[in-house]
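Chain lettering (A, B and C) follows the sequence in which the chains are written, and residue indices restart at 1 in each chain.
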Amino acid sequence: MNKNKEKLLNSRYRAEKRFQFYGKSAIFLALLFLTIFIFKIFSTGYTAFQKTWLIVPVTFDAETMYLDENPSKEDLEDADYFDLALQTMFNLDKSASEKQQNDLKRMVSYFFEREIKRELLNDPSLIGKTKDVYLTASDDLDQVFKGNYPRDLPEDQRRVTDYQLKIFDQLVEQGRVESKFNLSFFTYPDSREAELAGIASSFMGSIFSILVCLVIAFPVAVLAAIYLEEFAPKNRFTDFIEVNINNLAAVPSIVFGLLGLGILLAVFQLPRSTPLVGGITLSLMTLPTIIIACRASLKAVPPSIREAALAMGASKMQTTMHHTVPLSMPGTLSGTIIGLAQALGETAPLILIGMVAFVNTIPGSPLDPAASLPVQIYIWAESAERGFVEKVSACIMVLLGFLIIMNLFAQIIRHKFEKKWS
Amino acid sequence: MNLVIFIFIVLLGFTSYYFGRKKAYSIQATNTRLTALPQFYGYYLAIWCAIPAFIIYSLWAIFEPSIVKLIILSDYSNQGYLDDELNLIYEKTKSLSRGQFSGEITTYLETSAEKYLNLRSIAQNSKVVLILAIIIASIVYGYKRISSNNRTREPVEKFLNAVLFTASLAAILTTIGIVFSLIFQTIDFFKVIPLFDFIFGTHWYPAKAFVRDASEPLDPSMYSDTFGAVPIFAGTFFIALIAMCVAIPIGLMSGIYLAEYASTKVRQYAKPLIEILAGIPTVVYGFFAALTVGPFLKDIGTAMGLEVSAESALAAGGVMGIMIIPFISSLSDDVITSVPQSLRDGSYAMGATKSETIKKVIFPAALPGIVGSILLGVSRAVGETMIVVMASGLAANLTFNPLESTSTITAQIVVILIGDQAFGDPKTQAAFALGMTLFLVTLSLNIFALRVVKKYREKYE
Amino acid sequence: MIKINSKNVDVFYGKKQALFNINLDIEENQVTALIGPSGCGKSTFLRCLNRMNDVIDICRVKGQIIINDFDINDKSCDVVRLREKIGMVFQKPNPFPKTIYENISYGPTIHGMAQSKNEMDEIVENSLKKAALWEEVKDRLHEPGTGLSGGQQQRLCIARAISVKPEVILMDEPCSALDPIATAQIEELIDELKKDHTIIIVTHSMAQAARVSQNTGFFHLGELIEHGSTDKIFKNPENKRTQDYITGRFG
């Protein structure tokens, strides 16, 4: 009997250990996913903050640019740099065949003649002289230099030809390839050429959308929360509003996209692809989040405060506006920031209202067509070029950075300013 | 111009606040006792000044375009144009009047454009005059009311209350907006495609339904066997199932561990770390699934001699599961912590081990709450879009092989609506019908789950 | 005969000391009452006896509590087996949200006490009979235990505690949430149970202590002021504070 008991007890303890092990592994797995995830994004993305440049000697020959003896500023502005640019590249290998010349041209970015033009505009005295100019390398060579490109693939399976690699390796040996901080990633709009694509347009799009969202959602949500928490009579109708809010908080975001498409674009004829429509759509989505946060922090203000104000002869409206609402602000603000952070990461509804269009200008107002950071991630992730992979990861890093800052900010507001009621 | 009017009204509002308050002081100066604080006199006048003007202003803004359109198109009314063509004419007129029209300019169009410009300027002028008149009238009225030292606090507060109430309607309006945006397109869709074919058809191939030329009559037979939603319903269900297979065990076990075993310190760090997973945007998960998980599974599959699609249901579902872990873990953590301590004590006092207590006492007691949290997780999985769009193909295969690619309701909505949409086309309408289905499914899941959770909360409060 | 022997027991909650040097012997098959004003540490002491204080993170226990020649605060002591031997009934009835039958069978199941369904039925029936609840619930064994009245629930908890045949039963103010009739029933039951079990009862009511116990210990501010036979404590206390408490000067 006792022996049986011993056995049973041991097996019970083993079950206990097993159960704890399951629990620990679950936590471990969840944290492991998070780690892999962040590691993967960082390891693919950090290279995007560097950009590869080819340092090529350019001979600013007036004849090749079809310029006169003493060109004016306007002449320089209007001159044709394409042939000069081509010649510059062909000079890298004077014995190149026609096909190889084409390869040479493709070693630099698509708009490389602009970089040459800028150099000359900065210093017109260069005419007739030769100078080393930094030219943006093509995205494929950029990847080669960063070591992300599978060089050992057979030639017909990669976009970089053997010839290009040969010339590139020569340039590397001569110290004519350099890697510098990729400022253009932050200042350029989107582009079909990976080496020229930047996040400036989508970043501004995100900022405008979030601002529109804030301007609409915050006041409406706060007013609604004040009404529901402080003034609403307890009846069927307010119950119905309450159920509505809770459900809206769980409606899939894409349905809000359909709302934006079906009502804002189709009925109200607002301009497509704009942060204005995106912001309105997002604000409808964020509304319940802010209402719920604001109500919770109104609820946390103890009734004694309200009673004290009422007993002083303040009207209900005065009590609310002078005491309850200011006291609840920290909670409301941090809830709002968290809601905005959610909106900032939202993609699907923006795609439906057309913010997925290719935009290669930086929007100047909420009425200009734009993308947003998450949509930019989607657009780039769908592109085939290898150069976009690191761009996507870098864009994700920027987006995550913003989300982290917003969440930290919300935390700080909550901990610093929220009054603790004992 | 509109902005100028808007700013003008706002400025007038502020000025009248100032005058109202001044009036109150002057009443006070005559040793008459005020019935409210001077500010309320200001608010009172400001409301009288701005609100009627704003109402007229917005009514005008809503109705002006359609009235102008009616007047312009009345010239064409007896020439036998179709509605779509009339719309086109109107659009052409508008762009011509802005000087942005690049096409054949007919005399008809030119006169219309001129008329359009004319009408717009008449409208603009009369709007300004009307608004000014309204403002003056209402300020005079309000000022008179103040002068007689009428009550001002009550009406101001009543007005504020009305504003608060209106704001609280936003949630209902949004819901109504959702239903409205979906329902008309959905009804039109079912006029062409029988409901039965949609629900029970097994071929989903919207690419076949090319965008129809608006002038051609609609031929329903063209769409037979195109919009059978069974494959995407099945795909949605299947991917959600895979996601829950990942999320439930991991989420539940970590929720239990955090609630019952973890020391304060571990809890303090592990809980927010896990919740980071919920804060990562879904498009980032989608990229992760497509870039890392998909190829990884494919490599493993190839090593094991299996045929794995790079865009498999498993990759999408698995990553979606990771996304849902924190929802389940923190909700079940809450639910478990709210089980009263006395039940735990009762069980420990019987000589039960911790895991026995959890499995046999706490878990059954918390079950309704846990079921609720799982259902909310399912509703998330069903409504998740970007992960599926990016990681699990867009072709709607009817398959239950997790290694093949399949599609979901949400992914199909994106596929159909990305790029240009033509309203009135069955293909576009199909997306709205899918949206309606999605809305109804998630709505019922949410209502049910929230009710279960609420009941459970009430039980232990 | 001495069943439990506690030597120099100190209890700390974090930095605050809750019990100071408690030395108390508990007689076998008798009822020992622990009395004292609220917050005096009597419940804390009770929870030391089956190590329920382990559940509270910040709680530390020092000293020896010897049951059957074995120190339960020793590292080698197995709490699961200890609690099987020492049952407990709580202040508020806390039946599990399960059926009456499952409430009783819970202990025997986890401790593997029944080999068959029949044996289990027998244990359930015996426990309920001993707890004087059988007649009231025999027809609804498979209804939830939470549906019973307060007094019935508490008797169900007692039945649950005795289902694993513990040697000692700890009762933490078992009647404080009950009406007088239910209280009388429980007191009667305690008297019955002392034949087979050693009982320690914490109570607020001095009358109850006088009615049910043979021995009494008086706690005040974390110290055991006086202990001895109930008669002596109530009629002829040695300590001034005991007398003041008994006569209702404070508490």
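The rule is short, and it goes like this: a residue touches a chain if its C-beta (ideal position, glycine included) is under 8 Å from a C-beta of that chain, and two chains touch if they have at least 3 such contacts.
Predicted, not measured: the structure shown is a model, and the values here were computed from it.
Distance from the centre of chain A peaks at C, each centre being the average of the chain's Cα atoms. Relative to the centroid of all protein Cα atoms, the closest per-chain Cα centroid is that of B. Averaged C-alpha coordinates put the centre of chain A at 21 Å from the centre of chain B. Chain centres here are Cα means. That of chain B falls 58 Å from that of chain C. With centres taken as mean Cα positions, chain C sits 63 Å from chain A.
Each of the following residues of chain A touches two or more other chains: 12-13.
Taken residue by residue, chain B touches two or more other chains at 353, 356, whereas all remaining positions touch fewer. Shared interface positions of chain C, defined as residues touching 2 or more other chains, are 80-81, 110-111. Across the complex, chain B meets chain C through its residues 263-264, 340, 342-353, 356, 360-361, 364-365.
Within the complex formed with chain B, the chain A residues making contact are 12-13, 15-16, 18-20, 22-27, 29-31, 33-34, 36-37, 40-41, 44, 219-221, 223-224, 226-228, 231-232, 238, 240-241, 243-248, 250-259, 261-263, 266, 284, 287-288, 291, 315-317, 341-342, 344-348, 351-352, 356, 374-375, 377-378, 381-382, 389, 392-393, 396, 399-400, 403, 407. Interface residues of chain C facing chain A in the complex, by the touch rule stated above, are 78, 80-81, 110-112. Of all residues in chain B, those touching chain A in their complex are 153, 157, 160-161, 163-165, 167-172, 174-175, 177-178, 180-182, 184-185, 249-254, 256-258, 261-262, 270, 273-274, 276-277, 279-284, 286-288, 290-292, 322, 325-326, 329, 353-356, 358-359, 376, 379-380, 382-386, 389-390, 410, 413-414, 417-418, 421, 423, 431-432, 435, 438-439, 442-443, 446-447, 450. Chain A makes touch with chain C in their complex at residues 4-5, 8-9, 12-13.
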